[in-house]
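Just dropping this structure here.
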Amino acid sequence: MNKMLKIAVIGGGSSYTPELVEGLIRYHDTFPVGELCLVDIAEGEEKLRVIGELARRMVEKSGLPIKVVATLDRREAIRGADFVSTQIRVGGLDARSRDEKIPLAHGLIGQETTGAGGFAKALRTIPVILDICKEMEELAPEAFLINFTNPAGIVTEAVSKYSSIRSVGLCNLPIGTKMQIAELYGRAPEELFIEMAGINHLNWTTRVVLDGKDCTADFLGRLSDSGGFTMKNIPDLAWDADFIRSLGALPCAYHRYYYMKSEMLAELLESYKEAGATRADDVKAVEAELFELYRQPDLAHKPAQLEQRGGAYYSEAAVQLMKSIYNDAGDIQIVNVRNGGIIACLPDDAAIETNCVIKADGPHPIALASPLPPQIRGLLQVVKAYEELTVEAAVRGSREAALQALTIHPLVGDERAARTVLAEILEQNKAYLPAFAAE
Amino acid sequence: MNKMLKIAVIGGGSSYTPELVEGLIRYHDTFPVGELCLVDIAEGEEKLRVIGELARRMVEKSGLPIKVVATLDRREAIRGADFVSTQIRVGGLDARSRDEKIPLAHGLIGQETTGAGGFAKALRTIPVILDICKEMEELAPEAFLINFTNPAGIVTEAVSKYSSIRSVGLCNLPIGTKMQIAELYGRAPEELFIEMAGINHLNWTTRVVLDGKDCTADFLGRLSDSGGFTMKNIPDLAWDADFIRSLGALPCAYHRYYYMKSEMLAELLESYKEAGATRADDVKAVEAELFELYRQPDLAHKPAQLEQRGGAYYSEAAVQLMKSIYNDAGDIQIVNVRNGGIIACLPDDAAIETNCVIKADGPHPIALASPLPPQIRGLLQVVKAYEELTVEAAVRGSREAALQALTIHPLVGDERAARTVLAEILEQNKAYLPAFAAE
Amino acid sequence: MNKMLKIAVIGGGSSYTPELVEGLIRYHDTFPVGELCLVDIAEGEEKLRVIGELARRMVEKSGLPIKVVATLDRREAIRGADFVSTQIRVGGLDARSRDEKIPLAHGLIGQETTGAGGFAKALRTIPVILDICKEMEELAPEAFLINFTNPAGIVTEAVSKYSSIRSVGLCNLPIGTKMQIAELYGRAPEELFIEMAGINHLNWTTRVVLDGKDCTADFLGRLSDSGGFTMKNIPDLAWDADFIRSLGALPCAYHRYYYMKSEMLAELLESYKEAGATRADDVKAVEAELFELYRQPDLAHKPAQLEQRGGAYYSEAAVQLMKSIYNDAGDIQIVNVRNGGIIACLPDDAAIETNCVIKADGPHPIALASPLPPQIRGLLQVVKAYEELTVEAAVRGSREAALQALTIHPLVGDERAARTVLAEILEQNKAYLPAFAAE
Amino acid sequence: MNKMLKIAVIGGGSSYTPELVEGLIRYHDTFPVGELCLVDIAEGEEKLRVIGELARRMVEKSGLPIKVVATLDRREAIRGADFVSTQIRVGGLDARSRDEKIPLAHGLIGQETTGAGGFAKALRTIPVILDICKEMEELAPEAFLINFTNPAGIVTEAVSKYSSIRSVGLCNLPIGTKMQIAELYGRAPEELFIEMAGINHLNWTTRVVLDGKDCTADFLGRLSDSGGFTMKNIPDLAWDADFIRSLGALPCAYHRYYYMKSEMLAELLESYKEAGATRADDVKAVEAELFELYRQPDLAHKPAQLEQRGGAYYSEAAVQLMKSIYNDAGDIQIVNVRNGGIIACLPDDAAIETNCVIKADGPHPIALASPLPPQIRGLLQVVKAYEELTVEAAVRGSREAALQALTIHPLVGDERAARTVLAEILEQNKAYLPAFAAE
């Protein structure tokens, strides 16, 4: 176990990469990376160069024996890797901007990973990820795919159904939630056990255990006083106390798009109308600033501004996961994996996001304390059916599955809206959806 | 098997009763009713008198030995009955009118049986039906409850979970659909086999078999040309051909409230704004006219105008069901029963609406040809979760279950709207919801 | 629907065929067969000739326009058939004799369809039936396979898993049981509804309904007085009253090999020791006599002696099934079909034997009144696991699946016995098991 | 978390207790027991006194602040306990001797925990354990019940179904197996991950993972060379290599009673015939010797002879479990818990034995890598059905459930043998089975 590890980062030119580099440096003693191989596409060459140089400066400053490679040759990056992490954005921020604007133009929520926007992103992303998996099957069949690319749950389901590669889908939301709950109780995160159940970006905290006692009811009570937890990039509307008590669980930040649909939509529409911009446009500006910083030849650490970007705990989550696999740690982390009966009301081959024991052979999900109640089950099932159809649409280039996916999504839920929005999505993403052209 | 049967009709003063009487007369040779006992509440005494007299004139004209009793004593009506049919409207048309208007006032679909309107109706109806069941357990424990009262599926689930009485939920939509498909093919209804799967008012025709051949694809093709089937009381918007093909099944008329939510809502809002009235108000007018007719002392048959009322096939469905039970017929009818594993993606104790073999001990559901596809499964599961919560809310008087039920319903789907609408429903129906007062 | 039908009978030289011919003649008005094509293998040519001539004489006497063909060309027989029925015995009675003797030689029950004997028969039979299915897929893809060949349940499971042909497995035991129960109550069989659940030759009568009332408890009480029902070829040991009451169901005749293992084994061993013969040897003698009769040129009806052979109701069962399919009858018959969730404790793709509605597109199983209790569930599950492994062993020629199949069978249940018996079975059936040679 | 803990040991006079005391002393720094309360029944008073004194000497020698109490007052022992461990033997070794001899007298395997012997033990034990649980519900509702008493799986299922107490069933077989596998590979136990699935004493090792690689096939190959693992008290017959490979898993030592039924039975019968004694009689002799040793006033440690007794790792297993709960360790241990969907082919409320993460709120089972194959599934299901019926028999005093339990057990499997053996078991255990008297 003392060989030096090779990590390939697909989408290595991402502004998030310094997060990851910082983590790899911090944990090098227990996770001895020997080669960090950043790979990107030709359009991202300049960014990749900037990030590669920053990474090299960071490593140099650390004094650690990590070789940093920046390359456009994906096969070389993957060959012999121990971990392949993916943080790609097919179509770039321009595509994201379209994903957000198409639904808004029809009075629907336009969001990067949820609803019609997330659907478009899934269609573009899944074929690329499955291509990467095919290369891994050939060049690094034992490596783990650590997927950050959103929609992380749908991507995990596609990989698990259509590839033999061991993969884990990762999101910073669960670890963030756990940190916030720990803070609420004035405890260290490792002192509490939280049960999270659901799917990526639709995940309920169903149980909080402190010192062996179930304190979920107490937690839900405190929560409604505190205004609830949220994510950087989601408007922080407070949860109603009665609603939370009757739900019997803490929703995640993205639940606001469902449970507070009207207000969230109003807010998105207003800021779009006022500024003519969506979140993608803000991010573009932030990214430009970040790269300005990254280019400074004396910068050799992750700049504080990156946290504003919304990626808190990303590095933490990723390095912790790889480190626990490498060290056969057996600790519990909340990641996206194949269901296999853990959430009884979902298909066995669905991807779910829940507590897993991380062993050297990957994550093993653990049983829920009790079956999910109907108020959680119903919403979860309909969104999972949407995800199942979306995977089929992306893999087979099926307009039929695509139309049905959008129709049953609670944030669309109308076949006429679905047809209109689908037509625009397919049209505007034509360049990224060859499978649909073939039909 | 040659004793004369006693039928108790709870809500006997309903304008639909002549339908039923006509059926009982028509099928008397194979379903020998000896006593027809119409019972109603004090507020309905005058209507009951009118209907009772019309019924007596119809029977007299037929020359059959059926004794017609009209009474306010429900226990006496139930005592010794072979079949108890329920066609009640707790709170009358005024309550229905409120059910329709409360959601509309908040920009939500206001419909008698679907969405927030149907939810309010369920809260009022379930306690009364369970009271009837308790009396049946005492006075006619072997009788079948034939329930027409909407929302018929939710009511069936409540009875099946909270009573030992054998009950069947009945709707005229499935038989109507079958008639329309038969007509499309120029065949007699008994010549075709259709598989319907789902729950009451959310039921998909998933398979059409003619002469032993599966002709579902052909049927869905023809259908999109024909504009689709509908119900009297639901705006007849045509189904899109692509949508139907990708769905792989025929939706029912009520599916328009889901799949065409925006247009249906717009239509409801417009007619409400224009006329200040909803469907309940129209029905009031129709009812008044009908009772005017019924009062004519020389009327001794079901008047043609009743069919305008929307109850086509109601008599057919009800008498066919009771007749098949009485005669151990073994024919297939589509009714509401306990799931018991037939629809694998729903709980075993859920009420479903599907093909059943009707034997002397009641309906036995038959297996589906294949599991429901995700596009059907997802919507079905979330609406069933709503129904499960609604049963709990009604039986336990639980505000918590009620709030969650409304929140996950696809026609509400927003906890803030749910809270507002729930508060108004509870307030305006206070007189009918003692269980909620107790909380 | 008025074309004349073609029936192909594979194994047409069987002594049972006159049963079938008689049935086809009797029901010709509602099941208008135009061509009866008997096909057999070269080794059976003489028998086929005898049967063919007898069939022709029977038809001639009836005056019906049925063409009888006897041929060795299986493809011609299958081409264009509406129904293909299989009643083959791969390896003949000699193979059966070996199936019975190998287990007995090791102190295990040796029986034609159950335990190690039935296992050997399954290994020989499944490949032949799957070949027939392949020819049907080419030459008569819309035809139904009506399979009588034992072990009928295992064969049905193999066909359902490995062929696209619609098939039904058929046994005379369920219809016989129903007749006996009807007789016990002095009623016509169609007047009672019995629920049978399980798999072929391991089937429990779990419910008896008369006039719409569940009279199972009464039935089980009467039963223990009556000594129980049985089959011609199974020693008629009486069921213990306490045992039956605690079981809560009527076992089938073959259950004696399980529940009365010791006595049944003792009896088989004794008659083997005494006479040096098993049931197969008796049957050989009966067959010889029957064919002597069949050869008489003036015989033009099914001789009474055939019923001694054990095939009572075979014709009845087969013709009833084909007739109901042809006529879209919708009546209930107990046949072997794919589970599809009806018996919740078995895999969905397992073959089960239970009540089905017979429609033009085949049998549709109907829901059980309640889940099977543990005393039934446990035995059923272990025998079904044996069947699943046996199908795998036969299809893939897998010694590993074969060894495990025998090991968990309750009538073997010891891996050392399983290994010994398996080695002998494979050796003695080498000629019929090419798939195993390949391994 | 720094209060001193109270442990109550029901059956504290057991010869195993010094094992436990040794463990409590060894791990005192991370599992700070302040009071060890040994309790026993009046018949065991002398043994309790001997053990109590030995325990006190052991503690004294250790210099640790553990108060040792020996008492006949069970309520006082339980009051305020943090952990209650049960290691009782209802009826003593005399009852065990009868459990072994009754089946042998009828040609059936007579074993302490398996088959008819284990069944008798379950009938006697379950009511006593449920009484203890009732006292815990009153006097120590937050305490964990750590149950060692056999049959540990059946007892766990009874507690989980009929009590609100958190309980874990514990056996030394899994930890022993893990130790042996580790030794085979020359590794420390914590370096390997083994998946065990099944129920107590019928548990398969389905997966061995070393350094993140699945090496199950390699392991099964090595195993058949090594002769297999076993337990002190089970004859060590070697597993056949072909059998193990086709099974695809390592059986546990108790599987020999199933897979090698004939030889095991022959061996038991022979030693019974030769010596007139069974294992219980041997144990009596060993116990007498042990207590002779324990009485020596200068003995202040666990004597080496105790390991001959068969209890290797018992202390290890028990203290590790309590320690991990107390410390919220999150390590993986193989214990008996409620299934909750982990083994999909068993009921949710069945007790299973499998890998669990041990947290402060108890064990959380983790998902299996894949569903159990049919060769494991079938045997597991039938034995679990036996266990389910046995729990019902014991709790309700039901002769009917008892008869069916024995009938379907693979080591009985014959209703006539079951009836005979059941009658003797009920007769000879009358004093311990009041529930059956009531019937």
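In this document, chain identifiers A, B, C and D correspond to the written order of the chains, with residue numbering beginning at 1 in each.
Methods note: a contact is a pair of C-beta atoms (placed from the backbone, for glycine too) under 8 Å apart; a residue touches a chain by one contact, two chains touch by 3 or more.
This one's a predicted model, so the numbers in the text were calculated from it and none came from an experiment.
K.L.:
When the centre of a chain is set as the mean of its C-alpha atoms, what distance in Å lies between chain A and chain D?
P.N.:
Once rounded, the distance between the two centres reads 44 Å.
K.L.:
From the mean C-alpha coordinate of chain B to that of chain D, what's the distance rounded to whole Å?
P.N.:
A distance of 56 Å separates the two centres.
K.L.:
Spell out, as numbers or ranges, the residues of chain C touching 2 or more other chains.
P.N.:
Within chain C, no residue touches at least two other chains.
K.L.:
Report the topology of the inter-chain touch graph, choosing from line, ring, star, complete and other.
P.N.:
ring
K.L.:
Provide the full list of chain pairs in touch.
P.N.:
In this structure, the chains touch in these pairs: A-B, A-D, B-C, C-D.
K.L.:
Would you tell me which residues of chain C are touching chain D in their complex?
P.N.:
Those residues of chain C that touch chain D are 240, 242-243, 245-247, 258-263, 345, 374-375, 377-379, 381-386, 388-389, 399-401, 403-405, 407-408, 410, 413-417, 419.
K.L.:
How about chain B: which of its residues touch chain C in the complex?
P.N.:
Listed in rising order, the residues of chain B that touch chain C are 1, 142, 191, 193, 209, 211-214, 325, 328, 330-332, 340-342, 344, 348, 355, 357, 359-362, 364-370.
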